[in-house]
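Handing you this structure, nothing more for now.
Here the chain labels run A, B and C in written order, and each chain numbers its own residues starting at 1.
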Amino acid sequence: MAISRDTVDYLGKLSRIALSPEELDKFSPQLDGILRFVEKLKALPVREVPATAHLLKQSAPMREDRARPGFSPDQALQNAPEKEGPFFKVPPVIEAS
Amino acid sequence: MRELTPTIGLEVHVQLNTDSKIFCGCPTRFGAQPNSQVCPVCLGMPGVLPVLNRQVLLLGIRTALGLNCSVRDRAVFHRKNYFYPDLPKGYQISQYDLPLGSNGYVEAEGQRVRVHRVHMEEDAGKLVHKPGEQTSLVDLNRAGVPLLEIVSEPDLRDSARAYAYLKTLKGILQYLGVSDCDMEKGSLRCDANVSVSDDPQKLGTKVEIKNLNSFRAVARALDYEIARQREVIAGGGRVAQETRLWDDAAGVTRGMRSKEFAHDYRYFPEPDLPPVVVESAWVAEIRRTLPELPRQRAERLTALGLSEADAAALTAAQGTADYFEAALKASGKGAAAKPIANWILGDLAREVNARGAADVAALGFGPERLVELITLVDSGKISGKMAKELLVECLKSGISPKALVEKKGLSQVTDKSALTAAAEEVIREQAKAVEDYRGGKETTLMFLVGQLMRKTRGAASPAVAQELLKELLAR
Amino acid sequence: MKLPETIAGFQTAYRQKELTPREAVEGVLKRIEAVEPKVQALLWSDPQRLREAARQLEQGGGPTSATPLWGVPLLIKDNICVEGVPTTCASKILAGFKAPYDATVVARLKRAGALLVGMANMDEFAFGSSCEFSAVKPTRNPWDLQRVPGGSSGGSAAAVAARMIPGALGSDTGGSIRQPAAFCGVAGLKPTYGRVSRYGLVAFASSLDQIGPLTREVGDNARLLQVIAGQDPSDATSSDAPVPDYVKGMGRGIQGLRIGIPKEFFSEGLEAEVRTAVERAVEELKKAGAAVQPVCLPHTEYAIPTYYVLAPAEASSNLARFDGVRYGPRAAADSMEAMYLKSREAGFGPEAKRRIILGTFVLSSGYYDAYYGQALKARTLIKRDFDENWERVDALAVPTTPTAAFRLGEKLDDPLTMYLSDILTISVNLAGVPALSVPCGFTGKGLPIGLQLIAAPFAEETLFRIGGAYQERTDWHQKAAPCGN
């Protein structure tokens, strides 16, 4: 088995998606199948091969340090599901002390 | 049981003093109205992309060089993935295994503390908790402000060393001009890692301490935590690897409620930012134009005749050193170095502490005024004692020393003829003392000088008073 | 007059003052009214806004050299931000979201005078090859309404095939422009990675995504690319390679052009009718003067596993921003954690969830080296395969898809089956090279078949030359899709 139902459950939490038991039942074998197919990659002799994390050879262009006006709070909040004054409003984070 | 020796490492985050954010053009000014310094990029809107602010890389290189690090030839960014409402994209663009600077060090009051790495990253926004209400408020002005993370090796052994390291680091960063390092404004933050062990070959379990809002808090927290860990072990327990928050009011560290989800940051190379080539010619240019660092500046001051201790004290904070040199320049003579130093390290420093000012430059008593004050004393116009009082008056009123002296008619009286009448009065009033003096008791002269000082309400120049009385009594 | 059916046609009609933008808009709206109920390609369109835009355009004068797309009606895929317009990526998690800014390509189209008619349907967040994973509705293939138009740019391809508009923008990460173009019998280009700005394209896989045009004629494809290509200071991955005159370049013909045929793209999974059509197309190219030779892409079999590690990994990170804090619907919850968990559970469809989980897995501690690290290296080998061929040939000719359009619902049971059908398009994205699909025939059932041309980085000109020459000698691209009639 390339991936277990428990692992899928853990990954759901890690990616903040509350997967239902039905979804866990359905997705686990599907993901397992995909990963077993993907394991083919392990056979490739790539130890000496460099990684390609970026396709373009050019050094990334940069910007000059110049401030320019951006959004007003109204603009920033225009799609917000909940707001209070100029703030985004969210339920409390459960924190220590 | 063998002694439990502490090992301390410090992680410092500084906000760079650029005009705009690291990956977008939003302003970075402190204290703006919430969510008024934001744009689609730093708000993490769908479809946006980061573009690196060149000044951030420049300041990063400058800092790496100032901390004696090797500078990497490419700037490579990684994504650090986690969820928090002040992190708009759900990941922070940071640097992982290829930091900008590595293997550096600082000399902190006699101890060489190694700097493990210096890297660039973006700051998160701010979460404001509303007490009493089941809600939090998010302000993303700070999201995207450029940060440098400076991580020390665990070379520190006690809170005093940690404090010295932080002071030295702050001094260097200010001198480099990369940040104002103001812990109150949040432009400098510190987390500490501390463990204790009785085995020099093995480090103990590491505890991370957060919520340290001043250098003093760092020192106090370290003292507390070291004691706490020692106690735990002495009691037969084991120190848990955890993050603890410093509660400054109560003077204790507290464990956080156990986190439900472990932090697996799943670092991977940031695909939206190809590596930036850091040309060695550019690094050489930055190295060449590095501002003078505290140690070099102190060496220059000792060459002027100041003691090493005084030079170090004057150059610890850039503002103070700048003030000193401005005063020296204004006085026009090198011989003024010692008196200027004495004033700065003595009376002015006292006033800085009493008023809780940031440094000597923040007193509102410019270097030219110090020079004025010293000149008044040198020329004999006022006494040293009067000058000390005058300083306090100047700070209160904001008026320059010269103007205040004129206003109050405070001039020290040096003209013998002006003093003669008062001196003769003293001689008449203190007949017994006069007799004693004439009878051979030399020390009574000082008593009579004191009386003359009292009579003139301190305005008499003590030297002149003494001379005058001697003359009159000799008659 | 009858509405022009190509961008070139619109340009001529306006130049000769045979048409006004308002007339064009009425024509387009009428066409949409006639076919949209059956094809279901659109997610959003606002006739009033469109009429107003046309009116304003007319008031500003006529077309100039600075506005080559003046009055040309186009569709935008729903994952490309258009300011003030619902840009939802066909996902529930962006329901109600109005983009607060224009994507760079949209700004360029607007500056060129184009009329943006609406937003085209797609698979949610571009995860899919059939448009069946749209959270709103599936789009139907205008050649057979019981079949898929392909995906994820299914709405764009179907709308162009149904002649609602002469051109549309799509996005391609693993074949999402080319495959629906093939299924719908239109021309679709995935430009070189970095040719077109991604600023404003809601990211799926940042190192693979590109925006590209879908049109019926290759010349129109070149006209659209001309406007949207070029470096963008807002996109650090956009290239500073100069943008040539693509339309002019087409006139050169293909005499002496060297075309390679990689055998790895003609394996057993290829349907017989597709193989035959593509072989015939290659013969046609030979007749036009091209020299054809066999070539190799030895690491082709590793393309799908490499892609299905890299793409979901980047996607899992790119989709972390959809958390209900600043935009999108939010589930009721007492704590922040619960809000994240519930909002994302409710907002993402099954394919999105699968890819996020898969992506999170391959990046997670302990698995990174074996999966993601390994895939980055495999990518190097796949790219090298292409690099080595450009010394010998100017382009490759292969089928776009192993089969013609499949039926709705046919591939929904097993995601892996769906993934495997990407075999012919995926390695192109991994290598970052440009590729153009043009129609090259029909199956016995009347379904379009696509010929895929692949060229070296920044050699889109070559693709247009070959595609253009092919379209001069064939008329597949001129056949009209029945749209259910």
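Note that a contact is a pair of C-beta atoms (placed from the backbone, for glycine too) under 8 Å apart; a residue touches a chain by one contact, two chains touch by 3 or more.
Just so you know, these numbers come straight off a predicted model, no measurement behind them.
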Using the touch rule from the top, point out the two chains with the most contacting C-beta pairs.
A-C
If I average the CA coordinates per chain, which chain comes out farthest from chain A?
B
Innermost chain by mean C-alpha position
A
Could you work out how far the Cα centre of chain A sits from that of chain C, in whole Å?
24
Chain centre separation (chain B, chain C; CA means) in Å:
57
Separation of the C-alpha centres, chain A versus chain B, in whole Å, is 40
Multi-chain contacts in chain A, i.e. residues touching at least two other chains, fall at 13-14, 16, 53-54, 56, 58, 60-61, 63, 71, 76, 88, 90-94
Which residues belonging to chain C are in contact with no fewer than two other chains?
97, 100, 207, 233, 236-237, 320, 323, 325-327, 334, 336-337, 340, 360, 364
Among all residues of chain B, those touching at least two other chains are 40, 43, 51-52, 83, 85, 134, 136, 138, 260-261, 264, 271, 273-274
How about chain C: which of its residues touch chain B in the complex?
79-81, 87, 89, 94, 97, 99-101, 103, 198-203, 205-207, 233-237, 313-314, 317, 319-323, 325-327, 334, 336-337, 340, 360, 363-365, 368, 372
Quick check: in the complex, which residue numbers of chain B touch chain C?
40, 43-52, 79, 81, 83, 85, 88-91, 134, 136, 138, 260-261, 264, 266, 268, 271-274
Touch list for chain B against partner chain A, complex
18-20, 24-28, 33-40, 42-43, 51-57, 83-85, 127-129, 134-140, 245, 247, 254-257, 260-261, 264, 269, 271, 273-277
Which residues of chain A touch chain B in their complex?
13-14, 16, 53-54, 56, 58-73, 76-77, 84-97
Chain A-facing residues of chain C, complex
96-98, 100, 193-194, 207, 231, 233, 236-237, 239-240, 299, 301-302, 304-306, 308-309, 316, 320, 323-330, 333-342, 344-345, 348, 350, 353-354, 356-358, 360-361, 364, 370-371, 373-381, 383, 414-416, 419, 432
